[in-house]
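What follows is chain A paired twice: with chain B in the first complex and chain C in the second.
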Partner chain A sequence: MSWEKELIDKANEIIELYPEKRSALGPLLYLAQEKDGYISNDSIIQISNLVGITEVQVKSVASFYSMYKEEQTGKYLLSVCKSISCEINDSRSVIDSVKNFTGLENYETDNDKVFTFEEVECIGACGGAPAVQVNYETVEGLTPEKSLQMCEWLKEERPELVVADELQEKFGGVKSFDWAIKDNTGSSYSVPGFQNIGTAKEKNL
Partner chain B sequence: MKETLLLTKHMREYPEDSHLIETYEKNNGYRALKKVLKEDNPEDVINEIKNSNIRGRGGAGFPTGVKWGFLAENEDRYLVINGDESEPGTFKDRILLERDPHQLIEGVIITCFASNIKKAFIYIRGEYAKPARRVQDAVKQAYEKGYLGNNILGTNFSLDVVVHLGAGAYICGEETALLNSLEGKRGEPRLKPPYFPAVMGLYNKPTLVNNVETISSVPWIVQNSGKEYSKLGVEGSTGTRIFSLSGHVNNPGNFEIEMGKSFGEFIDTFGNGIKNNKSVKAYIPGGASAPWFTGDQLDIKMTIDDVANAGSMLGSGAVVVMDEDTNLVYAAKSIVSFFAHESCGQCTPCREGTTWLEMILERIASGRGRLSDISLLIDICDNISPGLDWPPKMTTICPLGPSAVSPITSLLNNFSDEITNMIPTKIPITQ
Partner chain C sequence: MTDQIKINVNGSEISSKPDQLIIEACEDSGIHIPRFCWHKRMDPVGMCRMCLVEIETPRGKALVPSCTTKVSEDLVVETESEVVKKAQEGVLEFLLINHPLDCPVCDKAGECPLQDQTMAYGPGESRFVEDKRHFEKPIPISEIILLDRERCILCARCTRFSDEISGDPLIEFIQRGNKTQVNTFPDEPFRSYFSGNTVQICPVGALTSTSYRFKARPWDLKKVSSTSNCSSVGCSIELNVSQNKMLRILGEDNEFTNQGWLSDKGRYNFEYLHSEKRIEEPLIVKNSSKKPNINEAMDLISNEILKGGDPNISFIVGHNSTNEEYFALNNFAENLKKVENTFGNIDIYLSDDYLYSGFFNGDHSLAEIKDLDSADTIVLWAQDIKDNLPTLYLRIKQAVRNGKKLLIFGHTNTAIKDIAEEYFGGDIVTNNFEFNVNISDIPNFSRHIDGKEVIAIVGKASPLQNTNPISELIQYLEANSNLKILNCFSKGNTFGALQNLNLVKGLNEFVNEFDISKRNIVFTIGANPVNNSIYSLKIKDSLVNADFVVSMDLFKNETTELSDIILPTTSLGEKEGTFTNLEMRTLMQNKILPPPGSSLNEWEYLLTLSKKINLEQVYDSETQLNALLCKDYLDEDNIPSFDNLNKPSNLNGVLNSKTININIENVDSTNLEILFVHRLYGDSSTQINSPSISMLSSERFIEMNSATYFGSYMLYSDVVTLIQGEISVQVNVNINDNLPDNLLVVPINRRGFQNINPEKKVELEVAKSREQLNVS
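So, the complex of A and B:
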């Protein structure tokens, strides 16, 4: 599916933020992934036209970064950390628990497209090890039981918006820092819930 | 031993809304900027930073004032904030981004004013979705209030800020890789020379690349003078520093202290001791790249130079504590796997070496190790970092490869029993 005008306008707005077009490549790949759940070939063609580089160059960049997915992900991307602080706080049992529940191996997605599972490197939640991200929203201080409950809850409730604070309150434990500001922002897709537009009101000084 | 709160004061006092511009303004926020704009003397700002003797908080510890001094003349110059915090064990920039984004933005504006920069980028790692949202909102608020955009607060000074999200590559924390990433390329570190982005950086234009914590310190320094800042901490490691404490401690977290206390005191005071009253077997003093210290070395002082003299580095200020029951072979394997996964693939010693190190450690950890594996590990490490010295010699463009050597030398130098005990003396015959 090629891009609709609205999306192309949004893309052009992002491109305007940068002194050189190609810098917008990363944000545009996120747009593509938000649309399809992965970086489709159509999107690659579209982006190469927008940015003015070849399709191979787009693909080359997309394949370098682990957050750009080449295959469609499930509604909830479960990223379980396995780096040092989590490793020594028994992240392996959390990994096993999530794997058992979902029946997925690393980088696999279930048939219903509900879950994608991946083991990831440090997500900067070392004080709350072991930690997991759901659609890049962080939950800290998990146990095998709690992570199982979290997966069950996600499967049952199917929340549209994954909110870090909500998950943390329901399933989390020890946190990296406990003076917390509560908010209801979150992510609906397997891309970071983040608006690309609106930073530079006045461009081209 | 107490915390000295400069950067984390505001977020502690206003736990509910420290991220809002109203709260920030009410508490002297943007006052340093107003002072700077009123006095209108960029040289003064650079001198204050030089007087403060602050050294970069990203890991390398380069003096910030000196770096600013390198910035070459050009019509287009850029500031890039390195918020690609991904070093295992580190989560200090996360709170600065999430809890006090205006402190960073004020630092950005002052820095740009001092160096006559009109465009700044805040590069935040992709996994920090929530912190990125907070910074994005804060940037919007700053535009609305006239702190960003054209003619800031009625002066001739104008500045645009763009928040840019990374996409899951640790290597983009290396400054030249970050610049390539920001240019829409693969995050591969650039060949040196040129050594300094301040001479040739983003789009080959002079660029300052500074860590989040470094630039967040700028408003305080400008407000209170560089001399006041240099009185904190010790010579060579002035000011406060946010240390991320994790691992087997009762109370993990970020703690802002003046540098110069010992690691043991730090772990006892703020970590509230080790879980289940165990003892410390080993600890990492400055992120996963740093060689480990043993439980007998807890009296080493937390300064950049003391840690370097003891054979490691203070790096990103991430202290990871491992208790007596930790299987250090698993711990080393976890760190080596990290670097194998994050190697960008440009240099053969790193791309191939880290992968082989991971596989050999995996073999040992699964109980199928061979006695010859130890010399094999050393041989591969030597190919990545000749002589296995510290600071490491490199056969690669950037220090990622040699970082994978640190856990292995740490293991073999101090805990070689652990690894040999995991190697069966009789090789099981498999069919």
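So, the complex of A and C:
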């Protein structure tokens, strides 16, 4: 479970970007999560050695933020917004339809490790409410039916990479901003696709 | 004074230092603002909001936390307004939402800031009817600390202490919101030398110690201030006793020394006082059926002394006696010398391998601990500070945190390398502790020294080191900087011994001067030189060959085994006297417990003996002894007499010096293979008879760098057998790459290592079983 050389090199590259080693903690935790689907204690030990703080200090940060997962997530992390704008645009029924399809309660993962379901606070897509994220790739303007279709599609197709624009095209509706540039990068795990830390992957659409 | 500003609190004007926090300024003027998270020795965090006060701002009155807001000229503060009261009630009601209110079964009840402040400032009732959070309770977070998480009010005092003060952040907040809890990382317990401090500063009963849990109620405790003899820092402590049993030691905030903190050894090394193994009656070692009373014992000893034959009389004394006791001993020895034609040589030896002439007596300017805070540079060449002077380490760490530069010379202080500006290891210092290069050529050294305010903390790093390099270093520093020296003899009341003995010699001198052809009477007084010394084997030989050995001690040990008679003595809390710390600050040690059985103080034995052999005696009590020893202090205005020390203005001790005479031969060593170190927890009889901490010294490990590990010894196991002649010990190996090649670090105060010869090669073999090695 401990880290391969390649991953350690990548971690060191990230550490280089910061004036102080411990500032790289956030991105390194994403690397850890991309590796195992959650932040394992082994990874915590590895990170603590890399940035020179104690294990429990790493654990403290990792357990504070809800986007760092302490347990294994499914291949697709479905984060359905339950905050105000989505709520008044009937996110309840979107939530229900996702819950119905997956059979999951909040923070649960199915046995096949395909889906993890969670209800989250505002994901910054109020203009296109109700909104959902799959592995932190945002889809806006969903309906109960579309969200059901999206889940089915994910389950059938099992795309290696989830890309926001692709999901939006297939299942989305109204968008907050229509003039944004096309973006073909996505993420392959329950980790946001950040270009600078290398968690974003490109897809030929 | 110009550097004071005026602020207005509750309608009256008070003066404050500029830049002070409101809570501190008010405290200094006697206005108490309730608080949980703020602690004057740590950075403020504004975590609990209990300290909210109203201040006037350009936009009207505002509630601000007084622990994070600084005073400014003419600031108007309200600490008791209706708004403040409402805020305090609100904060307390919220804090109590998840607090179990299990005061009837909680150790803190009676001295609990949460309980007290809820009484004083709380709303009186709660509107919370929902379920409180529950946790498994208590969880051990180390061998000696327990945690009841549901009691925690998340003030972060414990986590800040471990990060800011002691520098071993092994506890942190885990999770967040309602689930937030203090915890450790799995399999990484809160093993800190200072963990007990968190128990003392926790404002609720969340952190408790195994040694005190469920033992007593605060209102049943009798308390007295005293001074710890855990190290020569002389930390101020409070002894807590109930029904004639010592139950707890707390740190007291002495501005000049420990500032409230203690090492866990200083805090928990007291249970031995009530150990069943304690000697309470005089004992004839070779005939245990004969039980003399004190009078018979004294007759026996005086007969031996007066038996004739020109005996040499030697005293080997430890470092736990009071100044009065050292003085009485000195007086006894001097009086024996005055008797004509009866005795041979009469000598006193201090049981300490690290003694050398040091730097004293006006030729050098000596430092106080507080000078660390104003120096530019701190130079350290000494024993492992963290293990031997733990609270001095905290002061050094604090100075470093405030921007002072720490320069460490190898190889004993690798554990604190990370706080050093420069660490001079194997390139600069040889394995025999000599300089590899000219001092002026040490890279990055002179720029921290030249023309700067420098404090040198110096002492022998290893018992076998030649001390010429230390003198060279001091010479260089005195020539190039404004130097103050802190002599680093680490043990208990060593400085009291130095001040009150006319001439101090060491164990090497004892061995060399021991004349087997003469009749020899040896007294060992609170010393166990047959264990823990590099001269142990030779001392054992001498004692076996001595004609009569008297031991004054608390327990049977390796030394008392060889004696003819053991006299039970007293320890911390059982005797009154003074203690002198490494900056020559003399502090009070107070009595709160009766001596067990027929134990007497060391001076009482010496006095009785004096009477029996008709020596002149000039004292009859501790107070008289104290008055006598106060006569030859150099500074007449600051005499550490009992009366003076009990004055409120002198509770932090008084500084004063005496002429010091140390006569120690410089040792020469070449080819050190082994560096002996003293770990904080060892096998002294007081520690192994204090159950809470006795197991902390069970692990046996040696250290070496990886080149030595893989290269010279070709080991591929972390469990090995260390062999030297007849000796064979199973040990764990820790890799420490700050060590130079071919140097093994061996803890001499752990079982099994006493008889190893540091100048001979040892063999290491991979041990057969890989099980963790623990010896009880």
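List of remarks:
In this section, the second predicted complex is superposed on the first by the 193 of 205 C-alpha atoms of A that agree within 3 Å, B and C clash if a C-alpha of one lies under 4 Å from a C-alpha of the other, contacts with A are read in each partner's own complex, and residues count from 1 in each chain.
Following the convention adopted for this analysis, a contact is a pair of C-beta atoms (placed from the backbone, for glycine too) under 8 Å apart; a residue touches a chain by one contact, two chains touch by 3 or more.
What you are looking at is a predicted structure, and each value in this text was computed from that prediction instead of being measured.
Overlay on chain A: chain B and chain C fit together in the combined arrangement. Looking at the shared chain after the overlay, A:44 reaches chain C, while chain B stays out of its contact range. Judged by the touch definition given at the top, the superposed model places A:25 against chain B, while chain C stays out of reach. In the superposed pair of complexes, A:64 makes contact with chain B and with chain C alike. Between chain B and chain C, B contacts the larger number of chain A residues. Contacts of A:150 after superposition: neither chain B nor chain C is touched. When the two complexes are overlaid on their common chain A, residue A:55 makes contact with chain C while staying clear of chain B. In the superposed model, A:17 makes contact with chain B only, not with chain C.
Between chain B and chain C, the smallest C-alpha to C-alpha distance in the superposed model amounts to 5 Å.
The intersection of chain A residues touching chain B with those touching chain C, taken from the two complexes, comprises 53, 60, 64. Listed in rising order, the residues of chain A touching chain C in the complex are 41, 44, 53-57, 59-60, 63-64.
In the complex of the two chains, the chain C residues touching chain A come out as 168-176, 183-186, 188. Within the complex formed with chain A, the residues of chain B that make contact are 11-12, 15-19, 76, 85-91, 93-95, 98-99, 118-119, 125-130, 132-133, 136, 139-140, 143, 149-150, 158, 160-170, 181-187, 203, 244-248, 252-254, 284, 288, 318, 320, 322, 326, 330-331, 334-335, 337-338, 341-342, 344.
Across the complex, chain A meets chain B through its residues 17-27, 29-30, 51, 53, 60-61, 64-68, 79, 82-85, 87-89, 120-129, 133, 136-138, 164, 174, 176-181, 185, 187, 192-196, 198-203, 205.
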